[in-house]
Amino acid sequence: MPSQPSKDLQTFPNPAPDRDYEIAFDVPEFTCLCPLTGQPDFAKFKIRYVPDQLCVELKSLKLYMWAYRNEGAFHEKVTNTIADDIVRAIQPRKLTVEGDFFVRGGIGTLVTVTHEKKGKGAKPAAKKNAPARRK
Amino acid sequence: MPSQPSKDLQTFPNPAPDRDYEIAFDVPEFTCLCPLTGQPDFAKFKIRYVPDQLCVELKSLKLYMWAYRNEGAFHEKVTNTIADDIVRAIQPRKLTVEGDFFVRGGIGTLVTVTHEKKGKGAKPAAKKNAPARRK
Amino acid sequence: MPSQPSKDLQTFPNPAPDRDYEIAFDVPEFTCLCPLTGQPDFAKFKIRYVPDQLCVELKSLKLYMWAYRNEGAFHEKVTNTIADDIVRAIQPRKLTVEGDFFVRGGIGTLVTVTHEKKGKGAKPAAKKNAPARRK
Amino acid sequence: MPSQPSKDLQTFPNPAPDRDYEIAFDVPEFTCLCPLTGQPDFAKFKIRYVPDQLCVELKSLKLYMWAYRNEGAFHEKVTNTIADDIVRAIQPRKLTVEGDFFVRGGIGTLVTVTHEKKGKGAKPAAKKNAPARRK
Amino acid sequence: MPSQPSKDLQTFPNPAPDRDYEIAFDVPEFTCLCPLTGQPDFAKFKIRYVPDQLCVELKSLKLYMWAYRNEGAFHEKVTNTIADDIVRAIQPRKLTVEGDFFVRGGIGTLVTVTHEKKGKGAKPAAKKNAPARRK
Amino acid sequence: MPSQPSKDLQTFPNPAPDRDYEIAFDVPEFTCLCPLTGQPDFAKFKIRYVPDQLCVELKSLKLYMWAYRNEGAFHEKVTNTIADDIVRAIQPRKLTVEGDFFVRGGIGTLVTVTHEKKGKGAKPAAKKNAPARRK
Amino acid sequence: MPSQPSKDLQTFPNPAPDRDYEIAFDVPEFTCLCPLTGQPDFAKFKIRYVPDQLCVELKSLKLYMWAYRNEGAFHEKVTNTIADDIVRAIQPRKLTVEGDFFVRGGIGTLVTVTHEKKGKGAKPAAKKNAPARRK
Amino acid sequence: MPSQPSKDLQTFPNPAPDRDYEIAFDVPEFTCLCPLTGQPDFAKFKIRYVPDQLCVELKSLKLYMWAYRNEGAFHEKVTNTIADDIVRAIQPRKLTVEGDFFVRGGIGTLVTVTHEKKGKGAKPAAKKNAPARRK
Amino acid sequence: MPSQPSKDLQTFPNPAPDRDYEIAFDVPEFTCLCPLTGQPDFAKFKIRYVPDQLCVELKSLKLYMWAYRNEGAFHEKVTNTIADDIVRAIQPRKLTVEGDFFVRGGIGTLVTVTHEKKGKGAKPAAKKNAPARRK
Amino acid sequence: MPSQPSKDLQTFPNPAPDRDYEIAFDVPEFTCLCPLTGQPDFAKFKIRYVPDQLCVELKSLKLYMWAYRNEGAFHEKVTNTIADDIVRAIQPRKLTVEGDFFVRGGIGTLVTVTHEKKGKGAKPAAKKNAPARRK
């Protein structure tokens, strides 16, 4: 039975919750619609996070990104929304979502959203250990 | 009706004002005139900012950059002016404007202007969260 | 006295007319106007030729390219016109003009025009010797 | 009024029909559906041709590529179909269509279709002059 | 039900048998065993062919490459064998298989095997049209 | 006698234990099995550490990585396990393990695990001196 | 009247003295003589600075670099001297001069000199804002 | 028992002698001595050949290249000698040896030697099929 | 005693005159003067040739290139002159000289001169074997 | 008289001892022997330092690196030894030595050693000014 697009991000338990480490996804396949003109927009996303108790399941992430295919979405808004949805699903210790949108009007746009967990559950030392992303 | 060049930067409300995040524009098409000789100068601009209450509208940015086409402009001055105009239009929490000017006299020139919001409206913690630009 | 844009290509005598050799110009600074919308177009040109009796003078080539700045010009047409004008000015044994136009509608366009001298003045052996362009 | 996807390729008269020259389009934005699973496929297309009497109009090419967005299409088939449709619309002297499809099952697929005009209208000398694509 | 490795290459009818065109696969995931030491070898394969009546089915190619995982295989031999198996399965008009093996003893090895169809079924003109691979 | 895969990491005494310095291994050859489907996964690993009293012996590292060849291993788990095993074998002052897994479902995954030695034996100043990796 | 080499660096008033911003020059054309052998040395220089009240005039910088053409100059010394001369001419808030000298004896040499303004005129906050150079 | 340098190239039977195919070795580790000064020279070699009845054994090639370590060798001579020795050992249908020597006197030197088998044993058609090296 | 610039190209006997092979020099250090303005010009030269009975001695080539340092030289003329001087010194079977001149007036210039030996001493088959330069 | 390998590093007085600046050497030519097998190892070294009263003389550094040619040397040990020898010779304010060793057992090894001057002679502020290496 073929898969369907879905905004429902699946999770699994973090196999190493005692350690701050980073998981980074490279998502070169993303398309949505321009809310003003209805024409297709394309972007490449990079998502990286330091998990707390939960991790994002890879296949559900694919279906999640697919779910934007027929939606109107502004560049700035959709990048924030993807970050919000991941935060809601797994409450990561740290998260960065980058949306690198293809050229429109001769101009390319890159939106970068970062989130850090706050409050009682957060270990202050954790942020120091969060690794810089490999270039 | 075709568009016209215009120094009037349009804005829209920041869809995520509670969060510090970055919007980066890659503007490879810029030309102005050398104030001394009247000959064309070319540059590639990179603009990135952390929005506060407002964002720069993409199409108006294109028309804004176009508006320099027939103006005399020194490298150092025009890069600062573009930064000033964006600050005036959207009062970003942080802004960087890079003007990468083509070779003249065997020498290339890159001017980089950075602005940070000061005063009551600024959240001190925000700067820490401002993401480094992706390379 | 500052220079002016000019369609008048200057020439000088080929210093080695007995030999087929190639002269290649890399012209990253070109802008004209879209004939439909009046908006700026940008391109990078590459011009290479095997001279016969005349060569193109470099400074006049700069002024020639500048002369398109305020003209409406379709991509396909302007690349052919530049080739025609160089052929008229120096009658090269071989000529290639490439216009690499920046993205419009999500699509980049590269127009490549090649000309070879025909008739009595051409040396048949010359074509064999014409060097491939260095990559 | 916003544009609509359309398989109707528009044309305009070749401004230099007496010369063999090449027009190359770089189309990094393409998506269709996998006919077996219904899941999205992505590809980057490169299209280059030597025009005869007609050229492909750029905006209609954008709308044409958009028209595959909700269609099921095998890699090998859709690349041939795009070539067939361009041949039908403009009968080019020479045409190459490359479809570079993103990784599936750990394997990337690149389909390259070439067409050359045959028969009475073709000038045999033309093929020799057709330029190699710039890398 | 999970897939199994298999040397059985599946095929499907060429959707454009009247035209010579190229299908190229990029296979970065390949491992076998060194017949002398039993230690793992790794390689990246590139396979490209001009189909005749049949094409290679992508998923079966993945399973085919997997089937070498636990076999001893010399670099020169295995690259020829893969070419032979594809020839047997689809009798392509032209085929190239490249095996790019990782460094052993400080030396990297690249084996390139090319096959062209001979005899009654081959169209002589086809070879001229076979496109060079995009770099 | 040929070597065998082994999870037994060999060590040798650090030749410069009074100094914080970094040893970085580039391991482009790694394969394991997907625990869900049994199909092969491939990754490139980068391992770097600041040794304390012991260093990892290079040949045993090769055999260690080989030992995952027939094991089922989730991306996030296996990267943490490799880090844990190195910590257990040599108790490094600092360690980073990056597992760069090939595309699955159109998405690449990079897992980065960092460990720092804690407690009485650690020299606090050491971390400051730990060199950034060369890019 | 043709220009002459000159060690006299010309300046102009900083158009934005209230802001810390960076001006970077890319100078790929530099040659001097080896003081020991009299043979030519070549280098590429990169100069970047945060101006205070004055900026370096581009044409005079070209003539300044030219002035080393017939002088003997050790790599380490000449890079420091160029930095000293720029400091003397414009008293920048911050300055970096990099001299990247071509291979001699199989070894390339890169000398990097940094200067920061001290004392009453310096604004302490300025250093924090000084932008990192774009890579 | 450790290996020793040796000029004795080992061979094995070509597993596919009925087909013209190419084997290419990338040898980044080579050093010899300058015959004039006795100082070390370094080079990177690329060797590719179309085997006839024999192939070069990889480990013996490593020992062969090692055997130049303490010999005086001019760039032009040693590259020809390596080609001669491989021709003598395996009589390949075609052979190319490239020696890319590191900079001396500010100049890099690349020597490229090609050999083709002549006479009764050679199949004329073979040359046409010899693949171009992948870039 | 330090070396002096000299137009006197030294030679040595070709160690393999029975074979057509290529020697390529990469000369990134070249400067001369503009004959019109007296200002410095810079270029990178690539020289490759198929030797006949003589080869160019490397150190004398360095001194030869140095000898242009204080001479006025047009781009097109000096590249032809260097080719002529090498032809006179060693009568190569084939020669290519490329002069890649740095940007002037926003335009870079690459001059490529090719020479092939003619007449009684030339072996017709030689040209076929002359290897293409590695990219 | 030809030079000889020598472990004797020569020095000269720092021409700018009042300033912290960096000197970086790129040494692509290094070979030693594996202490276990006696087989050659190859590496590329990068050495950079902030001089105090003395600088390393370039030619003696070449002879110093040459002196390892016939010595057995473990990767981790030799990189530390080179750092120790430079520290002993010039007591730099800061030093980094990187040894990038070629692939053995499918794994590349990069060893990075950093040293900072301690005690009375050191200026604490100096470290802040030490420039990051250019990438």
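Per-chain numbering from 1; labels A, B, C, D, E, F, G, H, I and J assigned in written order.
The rule is simple: contacts are C-beta pairs under 8 Å (C-beta built on N, C-alpha and C of every residue); 3 or more make two chains touch, one makes a residue touch a chain.
Predicted, not measured: the structure shown is a model, and the values here were computed from it.
The chains in contact with chain C as well as with chain G are B, I. Following the contact convention of this document, C, F is the list of chains adjacent to both chain A and chain D. Taking the mean of C-alpha positions as each chain's centre, the chain lying farthest from the centre of chain J is D. Legend: contact pairs of E-F compared by residue number with A-D, H-I or C-I; the interface matching in over half of them is A-D.
Between the two copies, chain C and chain I, the C-alpha superposition involves a rotation of 70 degrees in steps of 5. Taking B-C and F-J together, the chain pair joined by more C-beta contacts is F-J. In terms of their C-alpha centroids, the spacing between chain A and chain H amounts to 50 Å. If you average the CA atoms of chain C and of chain H, the two centres end up 43 Å from each other.
Chain centres here are Cα averages; for chain D and chain J they lie 55 Å apart.
Averaged Cα coordinates give chain G a centre that lies 27 Å from the centre of chain J. In chain H, the residues that touch at least two other chains are 28-29, 42, 102-104, 106, 135. Chain pairs that touch one another, listed by label: A-B, A-C, A-D, A-F, B-C, B-G, B-I, C-D, C-I, D-E, D-F, E-F, E-H, E-J, F-J, G-H, G-I, G-J, H-I, H-J. Across the complex, chain J is touched by residues 46, 74-77, 79-80, 96, 98, 100, 103-116, 135 of chain G.
Note for the complex: chain E touches chain J at residues 42, 102-104, 106. Remark: chain D residues 14-16, 19-29, 48, 51, 55, 58-59, 61-62, 129, 131, 133-135 touch chain C in the complex.
Listed in rising order, the residues of chain G touching chain I in the complex are 2-3, 28-29, 31, 36-40, 42, 66, 69, 102.
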